[in-house]
Each structure stands twice: as C-alpha cells, then as structure tokens.
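In the two complexes below, chain A is the common chain; its partner is chain B in one and chain C in the other.
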Partner chain A sequence: MDAALQILFGGLFQGSLFAMMAVGLALIWTTIGVFNFSHGVMMMLGAYVAWQLSAWSIPLFIVLPATMLIMAGVGWLLQASVVRPLIGRPNIVLVVVITTLAAASLVENGVLEIWGPRSKQLPTLIEGNTQILGVGVSMHQIAIILITPVILGALWLFLNRTRLGLALRAVAQNEDASLLVGLNVTALYGLAFAIAAALAALAGIFMGGYRFMSPVMGADPLLKALIVVVFGGLSSISGPIFAAYLIGFFEAICSYYFGLYWTPALLFAVLILMLMIKPEGLFGAKTRGLA
Partner chain B sequence: MKADLRATPGRVSWKNEAALVVTAFAVLALTPFIVTDSYSRHILIMAFIYAVVASNWDLSLGYGGVFNFGHLALFGIGVYAYGLMTKLAGIDPWLAMALSGAVSTIAAIVVTIPILRLKGIYIILVTFGFAQLVMQLILSQSDYTGGTQGMVRIQTLYLAGHNMIRDGKFAYFYIALAILFASTVFLRLLVRSKTGASIVALRDNEEYAVSRGISLVRQRVITLAASAFFTGVAGAFYAAYQRNASVDVFGMSLATIILSMVLLGGTSTIYGAIGASFVLTIFAEVMADFGAWRPIITALLIIVVMLVYPSGLAGIWASARASWLRRREG
Partner chain C sequence: MSGLLEITNLTAGYGRIDVLHDLTMTIGAHGNVGLFGPNGHGKTTLLRAISGLVKARSGSIRFGGADIANQTPRSIVGLGLVHSSQGNRLFPDLTIGECLALGAYTPRARAQEEANRERALKIFPKLGERWNQKVRTLSGGERQMVSIGTALMSNPAMLILDEPTLGLAPKVKEELCRAVLDISAGGIPLVVVEQDVEFLLELSQHLYLVNHGQVAAEIKPGQTMGHADIMALYFGQ
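The block that comes next holds the complex of A and B.
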C-alpha cells in the first residue's frame, strides 16, 4: 500500500512538472515548426526572477502572476530576436536550434553573472507537510499536483474556445490560409513563445520550491520534456500532456524498483522501442511533424 | 552548368585540391618553428582537435542531412574508451587510441538503428537523448569512470627515446596535426567518391535516390559510422593529451561551440568547419581577458553571424569568389 501510494504521488508530481514543460515545447513546435532549445533556461530564468521578487518581500500571490508576465515578455523577445528573422529560410529547423542554443548559453551565463553561482531556494507554495493514508507528503507537492491540471485545462479552453486560441491553432495547421484570412501571423508566433515561456517559468517556480536552484537547473527538465514530446507526438497539445503523466509514473515505478541510476537508461530504452514501432508518437497522427 | 555546385563532388580537380591541401598542411607543419612557446602550441593543438570533431560532424550533418546531436557523445566515448582501456585493461596507448575510434564507430552504428525511420527534428531528439544517456551511464559507473569527479592521471602517449612532456608540446602538435590530416583526407575522399554522392543524393531527394536503388539504411549507417571513427580518435588523443577526462565533454556548452563551428564554417564543405574551428578557437583565446563575459560574447557572435550570413563563413567566401570570377570574365 505504501509503495503504491508513493509511486502514485511521485508519478503525479513528476508528471505535472513534465507536462508544464512539454506543453510549451509542443505549442511552439506546432505553431512555428521550430524547436526551442532555450526552453530549459526560460524555466531557470523564471525561477530566478521569482526569487528576486520574493527577495524584495513581495507576497507570493503577486510574485506568481508577475513572474509569468515578465517571462512572457522575455519569451516574446526571444522569438523576435532569434527566431522571427530566420522564418522562410530553407534550413530554419537547424539554424533555430543553434540560435536558441546560443541564446540559452547567453541567458545561463548572464544569470551566473547577475545572481552568482550560490544555490538558492524559493519559498514553497504552501508550507508544511501532511499525512495521506499514512504517507507523508509536502503541501507544496500537493499544491503542484492540483494546480497543474487547472492550468492545463485553462490552456485547453483557451486553444479550443477563444478566438485567439483558435487563431493560434489555425496558424499551426495552415500558415498561408491564416495569412489570407487576415490573421497577424507574426504576432501569433510571438504569442506562442510568450505562453510557452510563462508556463516554463511556472514550472521553474514549482521546482525552485523543493530543490535548490542553479543556472543549469533547466537542462534536465528540458531533456525530460524532449522525451515527453517524442513519446506523445508533436502534433497536438493533449498528446504530450498524457505522455508527461505516463512518463512521470514510469519514472516513479523505475526509481522505486530499480533505483535512480537505471531510470534514465530504462526510459531511453522504452523511447527507442517506441520510435521503432510508432515513430509519430504514442498519441500522434501521421503529420508534417515528422518531416 | 551554372548551378550551385558547392556541395557536388568532383568540382575542383583532384590534382588542384590535393596540391592545396598538401600546401596548407605543410604551412601548418612549419608553425612550431615560428610559434615556440608551449601555450600558443596548446591553442593550436586544441584547434586541431576541434577541427577534427567539427569536420566529421559536417559529414553527417552537412552532407548526410542527419541532425546527429549525439556527435559530441561519440567524442566523449572516445575520451572514456581510451581512459578505461589504458587504465583498467593496460592496453598500449597507441593501440587504445585506434580502438577508441572503433568503439565510437560501433556506438554510432548503435545509435543509427533507432533513427533509421526518423527524420529532421525527431533525429535531433533521439540523438540528444542518446548523448544524455551515455553521460548518465558514465556518471553511474563511478567505480570505473570516477563519476562526477572525472578520471585523472590517464596514461599519455609515448615515443621511443623522446620525452613528450619537456619538449614544449612539440610532439603533441605533430600528432594532432597528423590526426587532422588523416581525417581530412579520409573525409574528402569519402565525399568525392560515389558513396559520398549517394549520401548527398539521399539528403537532397530521398524518394528519387531510393527509387534509383540507393539503400537509405546502408548509406545512413555508413555516414554515421564514417563520421565517428576520427571523432573517437580525437577524443582518445584529447584524453591522452589532457591526462584527465570529465563528463563536461557531454555538456551543452561544448556541443554549442562545435556546432557553431560547423554552421559558421558553412555546411557540406569539410574545409569550412576546419577553418571555423581555427577562427573560433583563436578568437576565444583573444577574448580570454573578458573572463566570465567570454561565453556571452561568443553566444552573441554566433547569433549575429547566423542572422546575417545564413551559409556561414563559406558563404562569404563563395560570394566573394563569385564576384571575383564575374569581374574577371568582365
């Protein structure tokens, strides 16, 4: 019973973090058709911005939305500076990989310059621990498990029920037709990056509350988000979300039974197997995404 | 035939290219007599190592169109293979260096299997994951690899009757140069051969190439395996030269630098990547005074060049050459 509960909590918790990261990557990929390798440092920068705001003793309920707004602006800026000028180039996928990697290195070293290498920690969302059926869990983790579906649900509503969200999906499906009906495609590109960066920042705040922050803290979540989107398929938003929780549970089970060291190896083995059987992803349909 | 033939094998005649390569390497071989201090020689040795890694990456990335983001892992595998073979198995360093190349080649074949059916971004994701996996495995086997501490006191290369440590890096310079020379000749021979042409054909028009009887599976394995051997040898040399190994070689920062060498130099040229390696390595040294600002300035430079010159330094060279030819023809 204890084991099952521990795995359940671990899976839900890791899955929430993975989902928050992967959704942004998938959103950018479906809309613009590029891969954002700065996504990890967006998460890290979000955590540092939140830390700075809390250090000025601003209460947490203001820090959260303020950080997300600031990071949305940073995401927009990132798009405008290293992605938008390249649109239309034949080798855009590869060139954007290198420009976003360079941007990531820029931000990482910039953060190191500004805030220094010493580890920092953010305040938790809710303090204290609790017992559920005899298993001790922190309130912070429970808050993350509960908040994430709400945020992801809001994102789904936005993409499916609002004009702006539908416009974003229209660009993802057919850029030329979107231009013809008068959508501002460049602005929508910026919006996709802004939303992705804001969500990454939120994931950063979640992570900064239970683990020490460092300028390289985004590297591992980025890798996990990559695995998640490959697993779930890049063609939709819901695919990566399901895959995130699936992988969260897989990790929880593996690290419980095989130990932490073997988890990445097992995860990768499963990933390779999946790609050989169904390369378009577990929930993906065959789309241009493969090209 | 006025079309852009830059990536086409057989444009410059064999004789001219061979003469140019031999001249360039002869000039490089003379530099230790002008550059006598060991620190400057060290910079050149590092430039040679990076040039080998970057130009081999150009084979899979530029010619093959395979976005292999695990290329630096092949280098890292060479580093650790050499370290483990000389330290644990007591294999002769020179033999271990050649074997490291073979180990990297086998690793490249292994990573090719899952990406055979994939394209573009999916290849990036899987190979990136492969690199991370190799790093995790090395970290987890800390009894042998030293884990996060890295490996220290790795056995160095030797020459009979010659002290490699007190010659101001004279011998290391020539070993590095020899590896670069062998690698460059191998790569150019490959890309100018029929095999090279078929690799390019698969990149440019896969359906047509396959319909003409080129095997995608075989050519992709050949491309990746060929790009791995000298990368692994360079890794082994790096381990023997530095005498230590750490998982930093799997890190994003080194990958970004080497990738920018490939792209700044212009893909599908081999020489472009080598030239850019020299430029960037020496540039990084000139910038040494900026300390912590160096990576920031390097990153900015990469972004600016990618935005302004999409085909890299080779593109600048090609357009300059084209305008010169136009003027000469009047």
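The block that comes next holds the complex of A and C.
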C-alpha cells in the first residue's frame, strides 16, 4: 500500500513537471517546425525572475502570473531574434538548433553574471507537509499535481475551442494557405514561443520550490522534455502530455524498485526499444500538426 | 473605381528570374475575367502577386482604388480580394468545419460568417455531410470544394480561382463547373484560370491570354470568339 501510494505521488509529480515542459516544446515544433533548445533556460530564467520578484517581497500570487507574463515576452523576443530571421531556409531545423543553443548559453551566462553562482531557493507554492493514507507529502507537490492538469486542460481548450488556437494549429500545416485566409503568421510564431516560455517558467517556479536553483537547472528538464516528445509523438499536444505522465510513473517505479542510479538507463532502453517498434512515437501520427 | 482590379506594368518573379514582364491588365470592368495560356507562363505567379504572396518588383496593383502592391496577404484578403490557389493542399489535419472557420478569420469575414457558411453549404452540400472529416482524407474533388468553400467564407468582393477543375474526373469536374457558375450567378465577380477553354468561354465575357509573362491577347465582350479562334491564339497563327 505504501509503495503504491509513493509511486502514485512520485509519478504524478514528475509527470506534471515533464508535461509542463514538454507541451511547450511540442507547441513550437507543431507550429513552426523547429526544436527550441533554449526551452531549458527559459525554465531556469523563469525561476530566477520569480526569485527576484519574491526577493522584492512581492507576494507569490502576483509573482506567478507576473513571471509568466515576463517570460512570455522573453519567449517572443527569442523567437524574433533567433528564429524568425531564418524562416524559409531549407535547413531551418538544424540552423535553429544552433541558434537556440547559442541563445541558451548566452542566457545561462547572463544569469550567472546577474545573480551569481550561489544556489537559491524559491518559496513553495503552499507551505507545509501532510499525510495522505500514512504517506507524507509536501503541500508544494500536491499543489503542482493539482495545478498542472488545470493549466494543460486550459491549453487544450485554447487550441481546440478558440479561433486563435485553430490558427496556431493551422499555421504549420500550410503557410501559403494560412496567409491567404489572413493569418498573421509571424505573430502566431511569436505566440507559440510566448506560450511555451510562460509554461516553462511555471515549471521553473515549480522546481525552484523544492530544489536549489542554479543557472544549469534547465538542462535536465530540457532533456526529459525531448524524451517525452519523442516518446509521445509530435503530432499533437495530447500525445506528449500522456507520455509525460507515463514516463513520470515509469521513473517512479524504477527508482522505487531499482534506485535512482538505474532509472535513466532503463528509461533510455525503453525509449530505444519503442523507437524501433513505433518510430512516430507512442501516440503519434506520421505528420506534424497540433490537436 | 470601386470593385476594379487594375494591374499596371507589373514585373514579378522568383529569385533572379522575372516571370511577369511589364504586365498590364484590367479586371472587373466587363464581368468575370478568364485567364488562359500555356503552362508555366505566369498565370499562377500573377495571381500570387495580386494576393501578396509574390513581391511586385515594379508596377502597381490597385483594387477598388487602393494600392495593394506589396501589401501583406492578410490586408489584401481583408479587403475582400480572396484567392483559392492552384492545387491547394489546404490544412491536412484540420476538419472541413475547421477549414471553413479559418476562412472567416478576417474581421470583415467574421461579421458575415453565418451567411457565408450557409451560402458555401448550399453550393457544396457535400461539405456539410463531411463536416468533421479531416482534409487529408478527402478526394481531389472534395478538397477543391473545401478550398473554394473556404474562400467563400472569406466574404469575397472578388474571388480568384486558380484552375478549380485541375486533374478532376469529368463528372466531378462538371459538378465544380456548375458550382463556379452558381457562385458567379450569386453576384461575386470572378477571376478564373482554366485550361478548359469551353468552360472559360461559358463563364466569362472578358479573357486574357497570358504568354511569356505578358498579355498576348485580350478578348473583350462583344468580340465573338469561338473555340477555334482561341486555339489559333494559343498556338499562334
């Protein structure tokens, strides 16, 4: 009983973090067709911005939306500076890998310069711990487990039930046709980056509340998000969301029975096996498109 | 003059190559306009320049008095100059209903969305039956219907159709020709590129032969012009 509960909480918690990171990556891939290797530093920068705002003793319920808004702006700028000028190039996927990696290293060093190397910690979303059926969990983790599905559900509704969301899903599928119905393609590209960065920032705030922050804290979550989208398939955002929780549970089970040390190796083994059997991803269709 | 599309000394092309050379043409003064000409001589390029997808290197394009040369496609469709492009793949992963909803994206079109949807479904009842089907699973004819239907949703003041019957089997082609005639009868002025000269003659009173990126011949209303004359124009006397 204890084991099952611990795995359940661990899986939901990790899955939430993975999902929050992965949807942004998937959103950018499905709208623009590039991989954003700055996604990890967007998470990290989000955590630092939130830390700075908290240090000015702004209350958390303002820090949260303010950070997401600021980071949405940063995401927009990132897109305008290192992605938009390259759109239309035949080798755009590779070039953007390089430009976003460059931007990532720039941001990383900038953060180091501004906030220094000393590790910091964010306040938790909700303080304290609680017992659920005899298992101790922090309120911070419970908050993350509960907030994430709400945010992801809102994103899903936005993409599937609003005309702007429809435009975001359409723009990747046919640029000329998008232009001919009057979509503002560059603005939609900016919007995809803005949403992705805001969600990454939220993940950063989640993480900064239970772990020490550092300028490189985004590297591992970026890798995990990449794994999640490859695993879940890139044809939709629901695929990566399911995959995120699946991997969360897989990790929780592995680390419970085999220990943290073996978890990454086992995860990669499963990933490679799955890619051999179903290269388009677990829930993926063979094309790009968002739903 | 309102409703008139005037192209003056237009030069446009791709990369280092000019496709259109100093092309001048007036559209809308004498009803529907039909464009024809050999493959690869710039008909599609002309239509793309009109709707802002291809840069005009020199010359002017005026629609209803406003200069639209090198405006964004978004502002051009916003004026009601709507383009259903050649061999349109559309949005493969959207449903028919979603495609039509996107057609009504501009504020101008959104105000008329209900009426335009009704009109599109009246002309293409099949779209209503397949409302939730993904575009990628449609046949060529059905896809063409979605393309024109989406254009109708943009509330066109003038509608540009680039080869609406390209590659279709005779029966489906017949269906689409009738639909295009219906649209015209509904009062929307058309600019149509077609290989099928018979259809073009039935639809339009005003024709241009586009050859080597220029207007090689113009047939105005009143000038009777039969199939044989057109063929003579096509292949040179």
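Everything that follows uses one rule, which is that the second predicted complex is superposed on the first by the 287 of 291 C-alpha atoms of A that agree within 3 Å, B and C clash if a C-alpha of one lies under 4 Å from a C-alpha of the other, contacts with A are read in each partner's own complex, and residues count from 1 in each chain.
Here is the rule we use: a residue touches a chain if its C-beta (ideal position, glycine included) is under 8 Å from a C-beta of that chain, and two chains touch if they have at least 3 such contacts.
The structure presented is a predicted model; accordingly, all values stated were derived computationally and were not measured.
Contacts of A:S105 after superposition on the shared chain: chain B is touched, whereas chain C is not.
The partner of chain A that touches more of its residues, comparing chain B with chain C, is B. Once the two complexes are overlaid on the shared chain, A:V230 sits against chain B while remaining clear of chain C.
When the two complexes are overlaid on their common chain A, residue A:F268 makes contact with chain B while staying clear of chain C.
Once chain A of one complex is fitted onto chain A of the other, the partner contacts of A:M276 are limited to chain B, with no touch recorded for chain C. When the two structures are aligned on the shared chain, A:A170 is found in touch with chain C, with no touch to chain B. By the document's definition of touching, neither partner reaches A:W56: not chain B, not chain C. Once the two complexes are overlaid on the shared chain, A:V93 sits against chain B while remaining clear of chain C. Where the contact sets of chain A with chain B and with chain C meet, they give residues 289-291.
On the side of chain A, the complex with chain C involves touching residues 163, 166-167, 169-170, 173-174, 176-177, 179-184, 235, 287, 289-291. By the touch criterion stated above, chain A contacts chain B in their complex at residues 29, 35, 81-82, 85-86, 89, 91, 93-95, 97-99, 101-106, 109-110, 112-113, 219, 223, 226-227, 229-230, 234, 261-262, 264-265, 268, 271-272, 275-276, 279, 289-291. On the side of chain C, the complex with chain A involves touching residues 51-53, 72-74, 77-78, 82-85, 88-94, 98, 101-103, 105-106, 109, 150, 154.
Residues 61, 67, 113-115, 117-122, 124-126, 128-130, 132-133, 136-137, 140, 252-253, 255-256, 259-260, 263, 292-293, 295-296, 298-300, 302-303, 306-307, 310 of chain B touch chain A in their complex.
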